Amino acid sequence: MKKDIVIIGGGAAGLAAALGAYDPSLDMLIIERGAMLGGILGQCIHHGFGLEVYKEELTGPEFANKLIQECHEKKIPYVLDTTVIDIEKKASFIILLSSIKDGLYHIEAKKVILTTGCYERTRGAIDIPGDRPKGIMPAGSAQRYLNMEGYLVGKNIFILGSGDIGLIMARRMTLEGAKVHGVADIMPYSNGLTRNIVQCLDDYQIPLYLSHTVTKIEGRERLERITINEVDQNYQPIIGTEKTFEVDTLLLSIGLIPDVKLFNHLKFDKHPITKSAIVNQHYESSIKGLYVCGNALHVHDLVDWVVIESKHCGSQAKMNLIHNQNDTLHKIDVIPKDHIRYVIPQLISFDEYSETIELKFRSTKKITEGTLEIIQHDRVIYSKKMKHVVPAEMKHVHLPFHMIQKDAPILVSMKEVCS
Amino acid sequence: MKTLTCTVCPVGCQISITNDLSISGNQCKRGEIYARQEMTDPRRMITTTLKTISASCPRLSVKTNNPVPKDKIFECLHMLHSMIITKNVKIGDIIVKDILNTGVDIIATKEINI
Amino acid sequence: MKDYVIIGSGIIGSLIAKELSKYQVDIMVLEKENDVVNGQTVANSAIIHAGYDLKPGTLKAKLCVKGNAMYDDLEKELSIPLLKTGGLVVAKNEKELDDLKRIYDQAIQNGIKGVSIINQETLRKKEPHLKSSLVAALDLPTTKVTFPWQVAMAALTFAKANGAQIKTNAKVTNITYQNGMFQVEINDEEWIETKHIISCAGVFSDHIARMIEGIMPYQILPRKGEYYVLDKRVKGLFQHVIYPLPNKKGKGVLIVPQTHGNILLGPTSTDISDKEDLSTTREGYQYIREEVIHLSDDIPFEEIIRSFAGVRAKSTYEDFYIKASKKYPSFYHVAGIDSPGLTAAPAIASYLIEHILDEKLVLKKHMNLEIQGFKLFHEHNDYDKKALIQSYPKHGHIVCKCECVTEQDIIDAISHPIGSDTIKGIKKRVRAGSGLCQGGYCEHLVLKIIARETNQDVTKINYASKNSNILNAIDEEI
């Protein structure tokens, strides 16, 4: 089986990439390992999606449904319950698939778009000492058990991590009859939306312990007790600040990591901070024809941004196919500087058809008032005033392509305005 | 007097409001309206899931079409948890009309095929 | 009435059961937990040691070297994974060269084959990711790595296929002796009669021994070892098992490539009082990190996916205690089996049978040598896969995507003669949930498959022991 474009992952990013890449002359396929399209949105039954893309506030399943209907209307082919086992690059991509229905089989693809989303960071990755009882799980897993199946994973809960998923689960578990004893975050501020702090914690008098982390887990079979400590500026626990909680469940909302493990043997260039592919403005990785977008590229704050990015990525893959782009394009680096944690894309390719480059970045800290500067050859080629810049909210700027020269990297920097 | 965090925009002003509804701390008019509402008639949107008899889709996700009074949240949930969906449902279907006389409907956000 | 009751189903008990089951004797293995194969067997470095650090002439030294050689045959007999990594004991600086020479001499004395001291240049070629400042190393070609859980499971499968009975949730609570027979009390309520008892109860060996001995021949001194596990993405970073020079507490913090591609860092070595304390500690984490950077600057700490601790059965006797009880000659102690227990295990079994048991055993005329393994679908070659998936289409459904475990692999692990119906039991057998996302994706799928295959509600499925269910149905009452 030969395809023009294969999209691996049928969640928000995959569906949007398919819509962006759609052309009646192109042979496409979305490969989804789950039993339905829509990805993680199916279990995100709360509001908060769609304000940018559909100009209305929707729940996760409703947002997913809109994308799925658009794909159905265009008759974009997809397979469900199918997992990608292996992928090789020869002249084109050879993908090995596995399903109960069709067994093991190969398909060939000229372009591959990786939209495999994220997995949740687990306890093992953050060195929490103590016993290893049952009752510790990522918040997303608890959400899945509750919203898709109707099961509570515990009765007395503590949550580590005050990002939106931790806050949402604090409310959700409370509404379903569990007692949430508290939420802790190692940072001195919460990454979550203010609305969620109010409506998930304040509404239910759930205490928020900022600058705290879990320092001990106790329980032979099942979790019985956790200890939290305040931390200093180096995030080390301060002795004497122990607080214990008798809980049977610890939910972890401690970070999402792009799920690109499958593609490690393709040996694409990886970025140390995003932990995913280094890409150019077309979302093409260092492997020609392999595109990455959505949470598989970098963790987004809102699914709306995932859709916008993925539609763009899909259309770029289509353009590249139609224009048959030469791969020895000249590239320059995009380098994060003052107060900028990372920028996407990390490379800019000089081709004939780019008009504006969208640069997305996260700051390293909260900046009340600042000026974003883009610098090349030691000259500021673009600047924009920004307010209320926080690491939890990705920012975008659009840079006209003609402003950039071919012969030097561009630096992205946030100058803080001190008042 | 009460202090609350405004959730209308990302600034998150800390607004102080007294019993006689005198307001300070907001940076815009929307904050004033928000604070007044929170003090006099706080309301919230609810999202939850209902049990179904479908094996492939055991839970139907639902939402309120408008916010319900905050003090009626648990009562509404209690009522919803006693329900079982036995018929096919389309997104947008009204599952419960005017729940507990609040004037608010419960709407399906997912499709169920039994 | 049994001929032999074996107390403990870890690596020692299982390999003894396997060997004994070749003879015309009636065997029962008693395991106190809800599943077989626990304790030290599931919490060690998985190394088949060469034996360089052992005092010559001790039982540990002899049985380690013998057992090491026996693993090549065991690989074929039980179809177990065996990675022939070799080992390197590295000297960090010139001052350590004398110690290196000393353990080289000890290795020769212990009869270890193929040992040599290699220089800095050769070391660098063999392991480019070790620190270039390391000056020399002891090359140990006989060092290997296996997958201990699978070795023990395969041994128990063999034993069961040849008539042995295995009883889980069977805690030995008392032992009496009357009329030439032992009466073994299980769970304070049941009794089994047996002519002989072989006690290989790990850290609880002295607890069992106290039931029959007046004067205790040894005491167990529990010693904890903590480890880090790195994801299999790091496969190939190191080829050999890397050891620093040994110290008083043991072999030190090692870098250990595993059979499935992971790397272990550890262990620590701390004396503890509570035998069941398997907690990891802040000090342990720090110690591993501080020690291992003496060996390499390239340790990818960001690839850590989990940590664990095991408790070793170090004893006051200091050597393996494999003897008949003086008081009751048909009671055999196989105790104090800490390192190199895994390596010595097959040799311990033959030593026990050939030299310690007080009767001459007669081999069975017919034995079942073909046993059902736990080989995963994706560990087969392409030709076999085609045939397998045709007969068993559920191999098409990948349940654990991190470790590539299919639905049929899990179904087979449930229905296997040494099968399990718990999440941890499935994880032990086919590794579902052992990978990068630690079960974040697959745990709920494994749960549902177990529930379906065993005709139970998902809320009844246990994690490990009985009554360790992880889900509660939402109450209708709030």
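Each chain carries a letter (A, B and C) given by its place in the written order, and its residues are counted from 1.
Here is the rule we go by: a residue touches a chain if its C-beta (ideal position, glycine included) is under 8 Å from a C-beta of that chain, and two chains touch if they have at least 3 such contacts.
Quantities reported herein were computed from a predicted structural model and do not represent experimental measurements.
J.: Of the pairs A-C and A-B, which shows more C-beta pairs in contact?
T.: Result: the pair with more contacts is A-C.
J.: Using the mean of all protein Cα atoms as the middle point, what chain has its own Cα mean nearest that point?
T.: A
J.: Whole-Å distance, chain B centre to chain C centre, using C-alpha means?
T.: Each chain's C-alpha centroid was found; their separation is 54 Å.
J.: For chain A versus chain C, what separation do you get between their C-alpha means, in angstrom?
T.: 39
J.: Between chain A and chain B, what distance separates the C-alpha centroids? Give it in angstrom.
T.: 27
J.: For chain B, write out the residues touching at least two other chains, lowest number first.
T.: Within chain B, the residues that touch at least two other chains are 74, 77.
J.: Which residue numbers or ranges of chain A touch two or more of the other chains?
T.: 146, 149-150, 175-176
J.: Residue numbers in chain C touching 2 or more other chains?
T.: Correct list: 474, 477-478.
J.: Give every residue of chain B touching chain A within the complex, in rising order.
T.: Result: residues 4-7, 10-12, 44-49, 51, 56, 58-59, 61, 63, 70, 73-74, 77, 91, 109-111 of chain B touch chain A.
J.: So in the complex, which bits of chain C are touching chain A?
T.: Counting only chain C, the residues touching chain A are 229, 233, 276, 278-282, 284-285, 304-308, 378, 385-386, 389-390, 393-398, 401-402, 404, 406-407, 436-438, 440-441, 443-444, 458-459, 463-465, 468, 470-475, 477-478.
J.: Can you check the complex and tell me which residues of chain A touch chain C?
T.: These residues of chain A touch chain C: 33, 81, 83, 85, 98-104, 119-120, 122-125, 127, 129-132, 134-135, 137-138, 140-141, 144-146, 149-155, 175-177, 215, 217-218, 220-222, 261-262, 264.
J.: Enumerate the contact residues on chain A facing chain B in the complex.
T.: 35, 42, 45-47, 58-59, 61-62, 65, 146-150, 175-176, 193-195, 197-199, 202-203, 388, 393
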